[in-house]
Amino acid sequence: MTTPSIQPGTRADVRYLLRLGDACLVLSHRLSEWCGHAPILEEDLALGNIALDLLGQARALLTRAGQLDGQALDEDQLAFLREERHYLNPVLMELPRGDFAFTQARNLIVASWLLPLWTRLQDSADAEIAAIAAKAVKEVRYHQQHAAEWVVRLGDGSEESTRRMKDALAQLWPYVNELFASDDVDAAAEASGLGPAWSSLKPAWDAAMDEVLAEARLTRPKDTPHVYAGRLGVHSEHMGHMLATMQSLQRAYPGGVW
Amino acid sequence: RQRNEAFESRIDEGDFIEAKDWMPEHYRKTLVRQISQHAHSEIVGMLPEGNWITRAPTLKRKAILLAKVQDEGGHGLYLYSAAETLGTSRDQMLDALHTGKAKYSSIFNYPTLTWADIGVVGWLVDGAAIMNQVPLCRCSYGPYARAMIRICREESFHQRQGYESLLTMMRDGTDAQKAMVQDAVNRWWWPSLMMFGPADKDSPNSEQSMRWGIKRLTNDELRQKFVDATVPQAELLGITLPDPDLKWNAEREHHDFGAIDWNEFWRVVGGNGPCNTERLQARVKAWDDGAWVRDAALAHARKRAPEARAA
Amino acid sequence: MTTPSIQPGTRADVRYLLRLGDACLVLSHRLSEWCGHAPILEEDLALGNIALDLLGQARALLTRAGQLDGQALDEDQLAFLREERHYLNPVLMELPRGDFAFTQARNLIVASWLLPLWTRLQDSADAEIAAIAAKAVKEVRYHQQHAAEWVVRLGDGSEESTRRMKDALAQLWPYVNELFASDDVDAAAEASGLGPAWSSLKPAWDAAMDEVLAEARLTRPKDTPHVYAGRLGVHSEHMGHMLATMQSLQRAYPGGVW
Amino acid sequence: RQRNEAFESRIDEGDFIEAKDWMPEHYRKTLVRQISQHAHSEIVGMLPEGNWITRAPTLKRKAILLAKVQDEGGHGLYLYSAAETLGTSRDQMLDALHTGKAKYSSIFNYPTLTWADIGVVGWLVDGAAIMNQVPLCRCSYGPYARAMIRICREESFHQRQGYESLLTMMRDGTDAQKAMVQDAVNRWWWPSLMMFGPADKDSPNSEQSMRWGIKRLTNDELRQKFVDATVPQAELLGITLPDPDLKWNAEREHHDFGAIDWNEFWRVVGGNGPCNTERLQARVKAWDDGAWVRDAALAHARKRAPEARAA
């Protein structure tokens, strides 16, 4: 019996790139769910724009990962034909879109993490990655500013918006520490010069978050002990539902040309 | 009266009327109705296409669709701005939409049921929209005409993308994909023809609009142009348009086509299409669910304003 | 290129049975979504029980339809491997579960339709169908009573519940006329003695609904002109999302044995 | 004091204590805590399994899963009733759950990530639950003991169904299915061992419960029994239990097994497992969203009560 699912190999560099590529892919998916449903038309455009940027980053990263993997897997095979277990995004990205406060708070958390990450990747030993990073860093800088503005506006806005923003941060915080967790994949990337260990991004992230939270008159939630393991392929119950939707056409029309 | 004559003669000379110019109240009202209806169509039109973003079959198609739907939001934005130059606020226009006083294009009351619908909407629906809109690039009201130039450029891009995606499936796809395309064309063909509005004999308001250059061709003229342009595209695709009466009339040098089901047309315009309720509810829900966000933005601005002044 | 989707033939008797089987299958799916989320534990059990009964009815009907179709399609191929276009349930069944008022109002509408339908099917010329009907009619009688009790309770309950029940009926009503629409599939079933034309169920349905609505002090909504065409395979935008979920395992694990 | 002695001697003789009988306050409290915690576990336990009902791969498996989750709701119902005989209402118990004062089994704070998890939950989690619960069928409180007899019967049925579904996949399934089963076992094995609670040396409250027949074997005894029962089942399935230290000890006539990660255990019990927040929120949301329904039912009953009396 054959299965149409594909499975990338276990090379550390491929895994490092898939973690990042899947993070962009999955967050892009969640943001695209807002399309047509945002509180103001300008945010339909802004969230769509961010989703589109992240999708572009994901495509570049999955393509590069597929090249390095050596099985000639293209971006679509990687995006649509893996089993859940082989998607390597941090769990944070796959949480349902939530309300507008949740969306903006997550965008801030992620963009404040992607910004130093893409900044460092501009110096990647892999010239392809360095080139991708040069473009991405500009995009993510805008994402970070945009999310920061909303977190400040909602955090120091009405009573309701403050409550919602606090709830959003409380919901999100337990998923943050995964963004800075280290392992051998990470260590190998640092050693080879492919990219930084995620743990090294923490000081920049802390500084960026603290600045925005202070401006928003919000208190930083307490850290929690559980570390999610999406980057190892262990996801939340939300991931399967999301993939059922995302993969539905590729699964139902094998051999299709789109 | 004098102002009215001056206005009419500017129209006759093909001048653009600008926001600060004097204009007759009826002209203003007609324009606000038409532009806001067009703007509403853009934002309601995001819904049927948005329905497929999360299920797009490749990343390239997902990016194209996401960008397209975003463009539609952008069109909504320019059009609301153009209408605002006539003294009606976006909130007023949205309120008219949400309370059912304002209309939007009936075509968006049909559902997108398969991925092929996305291509077909690009090909036929955007195609029909362009046919309707190109003449408006020469419309007498400057801000509207300028918005339409940009919109038409983007719409033809969308139309080509839609057609290209269908061509890919019809040329290189599986049998199941080809059947999907044919099925989508079967469902969208007649509603697309209805996009040009009622037959000329049932469209009494057109004359004044033609006079003002807000409208430049009649419904039936536009519909015929659309049919004539679309038939060869369908042949190239290899799909059959679902009309046994469709054939070239050498005498007229146009295609004849079958009778449109005007009962369906009026039923959908009257609020009883397959998705009228859902589309409006989706917009109202987005607006209501977002009320706290808009309130918070105002509250924040008020809080921070004194700081800014003190600084 | 082959596609793994299967497609039943166009025999009228098969289509007649698929319409009913798919109606049971899809409503069962929507009811099962309540599992663990109902307002009281007793309703978790009751809705689960109704979902289970409908699932049993669907299995029997799909199995019989597969036998008559002559392609040796089993209940699972029919349930999981058709394209959306070949599911023949009325659109009413696939609407999202809504709130508890919507769920009970739909259950009332459907059970008041299934009750005379299964009653008549007890006399089907197809002995298999007659046997299935004999069991189903008892189940559906309970479903109808249960839903009627809730519609009365909510319709004549609090101000909020009355408002929600009215909204639910207004939402649902445009989908009702499809349950009584006639065509050649229907006419063939009536002629062959397989089962009644759906239009013949209308008087019984009207009487049952009117009785409950009177007891609930609710006004019957006005009829609307559009007739949905789920029974012809033309569904709503909700159907595709539901099928993406429902089919996900069968699509992702071809050749799987469960 | 006299009543207490009578109570103790009934316990010693193995009599059942019934709802109307006198009982020490501590006995009552301990029972309410234990029974309600068990009831909460049943209804929270509906969530991870309910997560897969809409995605069950065949109609037969869907029917089995739906019936199973319904049984769990039924167990919740009997157990709340059994606890209510001790003078605490279901609403009080639910309030304790919703406010985080009452616990439920920590195992349900792990997610069900694949369809194989459903089989593995049936096999390992229900298996461990039965191991814990069978002794309670002889517990000293009559209503609880009787509820447990029915529950244990149904649970062993569930366990066999879960195991059978795994066996089907491992014997006749594809490689991808086999890998899915192994992956699920890898994730659920250690949490299942933790279901027996802390090691005996860290479980000081057990003694009194043993004395009262509310508990009949120690945590470590039960855990060992479970391991010994499960190892041959795993072999028959053809899966590997994820513990390199697991092996038969001929001297002890038991399996030795590796060290449990008690940090993880205490972290999850303490509220920081992967799904603690989501599980509780799902329950609270169902309850809050259903408030208007419960209110309406009361309002209706009040309205109709006079009619009933007048009739």
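The chains carry the letters A, B, C and D, assigned in the order they are written, with residues numbered from 1 in each.
By our rule, a residue touches a chain if its C-beta (ideal position, glycine included) is under 8 Å from a C-beta of that chain, and two chains touch if they have at least 3 such contacts.
Small disclaimer: the values here were computed from a predicted structure and weren't measured.
Visitor: A-B or A-D: which has the larger count of contacting C-beta pairs?
Guide: A-B
Visitor: Quick one: report the Å distance separating chain B from chain D, using the average Cα coordinate of each chain.
Guide: Result: the chain centres lie 57 Å from each other.
Visitor: Taking the mean of the C-alpha atoms as each chain's centre, how many Å separate chain B from chain C?
Guide: Spacing between the chain centres: roughly 36 Å.
Visitor: Which chain B residues sit where two or more other chains touch them?
Guide: If we look for residues of chain B contacting two or more partner chains, we find 55, 173-174, 176.
Visitor: Please output the residue numbers of chain A that touch at least 2 other chains, ranges allowed.
Guide: As it turns out, chain A has residues touching two or more other chains at 1-3, 5, 83, 240, 244-245, 248, 253, 255-256.
Visitor: Under the stated touch criterion, can you name all the chain pairs that qualify?
Guide: Pairwise, the chains that meet the contact rule are A-B, A-C, A-D, B-C, C-D.
Visitor: Spell out the residues on chain C that touch chain B in their complex, using ranges where they run on.
Guide: 1-3, 5, 83-85, 171, 174, 224-226, 228, 234-237, 239-240, 244
Visitor: Residue numbers of chain C touching chain D in their complex, please.
Guide: Result: residues 25, 29, 32-33, 35-42, 44-45, 48-49, 51-52, 55-56, 58-59, 62, 75-76, 79-80, 99-100, 152-154, 156-158, 160-161, 164, 245-246, 248-250, 253, 255-258 of chain C touch chain D.
Visitor: Give the list of chain A residues in touch with chain C in this complex.
Guide: Touch list, chain A to chain C: 1-5, 83, 240-241, 243-245, 247-248, 251-256.
Visitor: Could you please specify the touching residues of chain B with respect to chain A in the complex?
Guide: Spelled out, the residues of chain B in touch with chain A are 43, 46-47, 50, 53-63, 66-67, 69-70, 73-74, 76-77, 80, 115, 165, 168-169, 172-174, 176-177, 282, 285-287, 289-297, 299-300, 303-304.
Visitor: Given the complex with chain A, which residues does chain D contribute to the contact?
Guide: 48, 51, 55, 111-114, 173-176, 180, 183, 187, 267, 272-275, 277-278
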